[in-house]
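Look for subunit A in each of the two complexes below; its partner is subunit B in the first and subunit C in the second.
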Partner chain A sequence: MTDELRVVGRDHPIADAALKVSGALVYATDMRLPRMLYAKLLLSPIAHGRVAHIDATEALALPGVVAVFSHENAPQRLYSRYRLLPDQDCPEDEPLFAETVRFAGDRVAAVVAEGLDIAAAAVRLLRVQYEELPAVLTAEEALREGAIPIHPGGNLLSEFEHAAGERPEARGNEVTVTVATSLPRAHHAALEPHSCIADCDASGKLTMWSPTQSVFGARTVVADLLGLSYSQVRVIKVPMGGSFGGKQEFTLEPVTAFMAMTLRRPVRLALEREECISSTMVRGASTSTVRVTADPAGVLKDLEVDTLFDAGAYGTSSIDYVDMMTKKLTRLYRVPQYRHHCRVVYTTTPVAGGCRAWGAVDITAPMEIAMDRLAGRLGMDPVELRLKNLVEPFDRELLTGAELGDARIRECLVRGAEAFRWDERVQQDPGRGRYRRGVGVACGAHKNGMLSDTFPDFSTMTLKMNEDGSVALGASLHEVGCGAVTAMRLIVAEELGIEPEMVSVTEADSDLTPYDFGCYGSRVTYVCGAAARQTAVALKERLLEVAAVLMGRPVAELCFRGGRIEAASAPGEGLAPAEAVMAAKTVLHEDVSVQSTHQATSNPGAYSAQFAEVVVDTWTGLTRVTDFLAVGDVGRAINRAMVVGQYQGAVQMGIGFALCEEVGLDTAGRVVPGGFKQYHVVNTPDMPDVKVILVEHDGDDGPYGAKSVGEISVVPTVPAVVNAVNRALGTSLSDLPLTPAKVVAALR
Partner chain B sequence: MKMSLTVNGTRHEVDVRPTARLIDVLRDELGLTGTKEGCGEGECGACTVLVDGKAVASCLMLALQACGKEVTTVEGLAHGGELSLLQRQFIAHGAVQCGFCTPGMLMSAQALLMENPTPSADEIRTALAGNLCRCTGYSAIIAAIRAASGREADRADGSA
Partner chain C sequence: MAVREARTMAVAVPTTRDDLVVALGRATTDTRIIAGGTDLVRSLRVPGDEPDLLISLGGLRGLSYVRLDGATVRVGATTTFTELQHDPVLREHGLCLALAASTIGSAQIRNVGTVGGNIANASPCADSAPALVALGADVTTVDGAGHTATRPLSEVVLGPYHTSLACDEAIVEFSFPALGPTQRTAFTKIGSRTAVTVARLTCAIVARFDAASGILEEVRVGLGAVGAVAFRVPEVEEALRGQRADAEAAALLAEGCVRAIGRSIPDRPTLPYKQHAAVGLAYDTWNALGLCPPCAPAAHDDRPEEVA
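What follows is the complex of A and B.
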């Protein structure tokens, strides 16, 4: 199929690259609205307590201060920042401003002023008295008898178990390993800090400009909270400097909307880096214990996982997040019995929320670290052990019975092992000196969209052809920075046989563009991309209908040939699409535009196998990743350069998660201050040149066979690195991240 | 306080607070919002500009320290509406994703190329050590800079 494609599958720069390299793209914090006010939040300095008194006298006296908001003058209604659909089951436990603060970083108050410097100065003049309550800093503490309840319902937000299959009768020669792996809180570290602008006009209409992943979700949350109809709230998605899940939920939109509505002026709220880390969302801390049993030949017989997940102070998406964790492992391995017991727990720590791959990283790291342990116990090569158990194409997975489609994880692993020279490198002696070298491998599975037995997935788009033959795709896209807009443009251009430059693509505007859930859930290429293609097909059909009337011929006789609409029986006679559009307007008094809804009917597996080489300095405990290969079952690369770039970026994130990224708390539960000084993101000198192999094939329902990339690309990275470190050192480290201190301690 | 500085070849007289940072003057007074603030503490490099030809984190420099100096921002890289070779190579190599680190990356790379027109990959990595990117894994950025330096670039897409 690749040979037949003109634009899909090639390298294309991201659509707005010229604007980005010239500094011309306007992000939220670059916008200036007439009469715009600036807000600054006062965040709780304590992990748990009651706000006994707020004295705003001095702050209000500062010239230029317009208002101070707190629980004393804001609605007390509780909401969920995660809600997408009005009837969705999500815990509503968060107020706009806290009367009881539940983590250091909770919103206590906000000052709105004519200038940012004034707002910042005024926040420092707020006098707040707190009555401190005991902090609860770990999930274990929160579940202890006698622990103070953080919310009225207690600290156990949810407990559930998913189980399927039956364990075969034991023969007595099985091997079982049990490994507990801990992942810390992590910061998404999008380079653009969180920001949002809201305005409320004289008619009461609220307009928001937000780098959000879902305008319709933001609209739902804000309108429901403020008692507005959905037509009174317009959310416009603005350029986003990265998200990685950190801008999926609505952290700033509700409070900014409330302030703008109250003051009837535009209000901008933009956070600083430390505020982003402590007060928005983190990837939640979790510990998962994997108990995996195999027969002596390495064939899995049983898999049990127990997860304790720290949701932080508010529930947001944590129950669904952990539910998603459950559904990854049976997409990866064939196993006769699987059981996952989960507890999701409130603590007085930063709020957990969506993070790239939504639980797949959190459960794949424990699983793949356990698989290496199992390989060690069996005396088996880690690649060989995995090949005995990975799913085959068109398997149905055990837990939900979902079809996995043309699942090519085995091909990923085999091709990767060959390119990485695994068989040779795994035999190499790590060395006995200061520096030890080791290689590691891991596999991962993810999904394509949100379709499940309990949730739908679909996308609606419009497409109109202009009088010159160019087209405008109306779609609620939320470009996060990795090329969703470009991909849609390529798909439409491919389908219509025109150049990509002839296709304009909208991003989401809740008043103007058709409904779409948002850009997350690995659904954009697979579901939105299929919608774009389907809409382009519908436009071609519409063009044929119009041409049929204009030419006085039955539609069935017409077809596209050489970029023109012709009758099969009369070659040479016909119309260019642009001529049909013009004639439609002048002769038929009609527009040539279509709307189409694509309903997802499948959710196959997305897969990756990854290989790492590390060198560990046994004196300092510092680990460097010296070589890395990522192999991805992408079905088809729509935009090859961006697919490879996403993989390379995902590996950077995964290496950080494995080795250095952790949102640390002090003993009082405060995030250790210092922003990126404390939160170490892997920089250029510490990054290897990541090699990427794409496994492409037909066989799945995505556009041109394409599958998701943005999330699966990070799924196996953490365990690949950890397994390499453990191989290099002969250790069994599984408490992440593998900081120098932990490495040195393990060697003692 | 009144001060003057030259930005992208144009001399400006501005009235600044003594505590104003260079980034504040560039963005708020001169409307040059291409320079981004990612951390406010000199750790992420998104706010990098050139001051008298050297790469500087504009969030760490007081505006008054730039008095009388020549400042170049990302808006100053293109000439006569035409993007510079470095900018074009960033586009061509897929070195741009979300774009928030891009202006700072470009300015650090520009400073490097002005000092060392033919840097090795390791020299590029060192020069960019203070510029964080969360999207690309850096490979495409390094390839773009190598291409702009006139050396033959490694395969830009990292394909094995």
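What follows is the complex of A and C.
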């Protein structure tokens, strides 16, 4: 198929690249609406307590201050910031403003003023008295007998177990390893902090401009909370400076909408970095204990996992997030029995929420670290052990019976091991010197969209052809920076046989563009991309219908040839699509446009195998990743340069998760201040040259065979790095991140 | 529409030394002096901490220089880290300060951040501080009355973000004895990553060395980010004086640094890590002096955990 592709599979700059590098792109915080007000939040300085009294006298006296909001003058209704569908089962436990603050960073009050500096000054004039309650800073503490309940229902938000299969009869020679791996709270580190603008006009219509991953979800949450009909709330997705899942849930939209509706003026709320880290969402802290059993040949016999997840102060997506953790390992390995017990626990710490790959990073690190431990116990090469157990193409996975499609993880691992010269490098002695070198490998599995036995997936798009033959795709896309808009352009251009520049693509506007769940869940290329292709096919059919009438021939006789519509029996006679569109308007009084809904019928596995080489300084404890190879089963690269870039960016994020990224709390539960000065991602000087190999093939249902990239690309990175460090040092580190202090402590 | 009464702040941008004195004459305890602004601008954004008067040194072109004045190196207070990093005079006569400057922040920060600001801000992690300490630098200031005063760096930086500078007193110059051909110097830093990182441990050394005998005649060691202020380590300096410049000297340096850190931050939870890392850092610094073939610390007794 690749030979026939003209546009898809090549390198294309992303649609807004020129705007971004020239600074011309208008983000929410660049917008200035007439009469716009500025809001500033007062965030709780304590982890747990009651707001006994708020004195806003001084703040309100400051010239330019318009209003102060708190629990005293805001709706008390509890909501879920995570809700997408009105009937979705999600815990409603969060108020607009807290009367009981449940973490340091909780919203206590907001000042709205004529200027940002006034709002910021006025917030400092609010006098709040708190009656402190005991802070509960870890999941273990929260579950302890006698721990103070953070919500009325207690601290155990959810406990469940998924199990499938049967353990084969023991022969007595099996080997079992048990490894507990902890991942800390992490910050998404999108360059653009959270921001939102809401306006409410004289008719009561609420319009919001938000860099969100789901306009329809934002609309659901805001309309339900404020008692508005869905037609009274319009959410427009504006340019977004990155998300990584941190803008999937609706952190600022509800409170901004409430203030705009109350004041009937536009209100802008934008966070500073430190507010963004402490008060929006973090990747939750978790500990997963993996107990894996294999026979002496390395064939897995049993896999049991116990996960304790710290949801933070509010439930939001945590139950679903942890549920996702149970849906990854059986997509990766064949195992006769799998059992996964999970507890999701409230604490008085920053709120956990969606984060890139939704649980896959959190569970793949424990599994793949345990697999290396198992290889060590069996005296087996880590690649060999994995090859004995990885799924095969067209397997059904154990837990849900879902088909995995043309799952090429084995090919990823084999090709990667060869390109990385694994067999040779794994033999190298790390030595006894100050600097120790080691290599590590890990595999990971993810998904393609949200289709499951309990959830649908589909996407609707419109496509109209202009009088010059160019086309406009109407789609509820939410570009998060991964090039989704460009990918849709390429798919439509490929299908219609036109240049990508001839295709315009919309982003989401809940009043104007067709329904779509949003840009997350590794669904955009696989589901939306398929919708774009299907819509383009429908437009071609529509063009043939119109041409048939105009040419007085049966549709069945017509086809596209050399960019024209021709009759098979009369070559040379025919119409260009643009001519058909013009004639449709002037002769037939019709428009050439279509709407099409693509319903996902499959959710195959997305896969990656990754290889890391590290050098650890045994005196300073600093780890440097010196070489990295990522191999991805992508089905087909739509925009090749962007896919490679996605992988390289994902590896950077994963190395940070492995080595340094952690939202630290002090003993009182406050986030250690300092923003990016304190929260270090891995920056360019510490990045290796990340090599990427793409495994491409037909066999799955995505557009041109394409599968997801944005999330699977980060899934195996953490354990690949950790396994390399442990190989270099002969350690068994699994408490992440592997900071210099932890490395040194392990060596002492 | 915007009402601006929430903040009023005067800004003075003197362009001559006399103007600077006039501006300093208006200073109160709420006044701030701004040079590169890489630390101050961020804090200015915190409402409630607005200065009444901001005195910018940015207009004083004459405060940016490195020059050799006889046997003394003079460094203007608003010399940027980028300028220090590349200055040929400094690289010849005070290399450790140039090296320290090169490790600060990012290229963007080094382009505007100044050595005077680094010291006046008095962060315990200030990268230039241990280098200036090891060089034995003095600080020259001018105040609102027009008085000029010179005192040792240790009498200026008193604690974390705390100096002896009066509110109407600005640093104008650093000076230290120029290093000659018999002296070697080095600076090393450990952060939490290679670049754009706050120091967790810094070490600067100045050593006078007799090439004929291979003997260390005088050594000055400055440590940073391991206490309230950057400090000299007299114990190590004593131990190394008269020592042959060899692996044993490197070991003495490492041991001395470890002990000094133990004395400086006995109760800090980071102590075990910093003491361990100091060994690596001390050897790196020693090797950078280039006095003997590179030497390495003896492999510490690492016992890999039993594989579960």
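We adopt the following convention: the second predicted complex is superposed on the first by the 748 of 748 C-alpha atoms of A that agree within 3 Å, B and C clash if a C-alpha of one lies under 4 Å from a C-alpha of the other, contacts with A are read in each partner's own complex, and residues count from 1 in each chain.
We take it that contacts are C-beta pairs under 8 Å (C-beta built on N, C-alpha and C of every residue); 3 or more make two chains touch, one makes a residue touch a chain.
If you're wondering where the values come from, they're calculated on a predicted model, not measured in any experiment.
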First, second, both or neither for A:Y27, with subunit B first and subunit C second: first
Touched partner set for A:R640, first subunit B, second subunit C, both or neither: first
Partner chain in contact with A:L62 - subunit B first, subunit C second, else both or neither: second
First, second, both or neither for A:K677, with subunit B first and subunit C second: both
Partner touching more residues of subunit A, whether subunit B or subunit C: B
Which superposed partner A:E140 touches (first subunit B, second subunit C, both, neither): neither
Partner chain in contact with A:E403 - subunit B first, subunit C second, else both or neither: neither
Touched partner set for A:E557, first subunit B, second subunit C, both or neither: neither
First (subunit B), second (subunit C), both or neither touched by A:P239: first
Which superposed partner A:R273 touches (first subunit B, second subunit C, both, neither): first
On subunit A, positions contacted by subunit B and by subunit C: 117, 677, 683, 685
Contacting residues of subunit C [partner subunit A, same complex]: 1-7, 47-48, 190, 192-198, 200, 270, 272-273, 276-277, 279-281, 283, 296-297, 299-300, 302, 304-305, 307-308
Of all residues in subunit B, those that touch subunit A in their complex: 17, 27, 32-41, 43-44, 46, 73-75, 77-78, 83, 87, 90-94, 96-103, 106, 121, 124-126, 128-142, 154, 156-160
Residues on subunit A engaged by subunit C in the complex (per definition of touch): 35, 62-64, 114-115, 117-118, 120-124, 177-179, 373, 376-377, 432-434, 617-622, 624, 660, 677, 680, 682-683, 685-686, 729-732, 739-741, 744-748
Subunit A - residues contacting subunit B, complex: 11, 13-14, 16-27, 29-30, 117, 188-193, 239-242, 244, 272-273, 419, 480-483, 629, 640-642, 644-653, 674-677, 681, 683-685, 687, 689-694
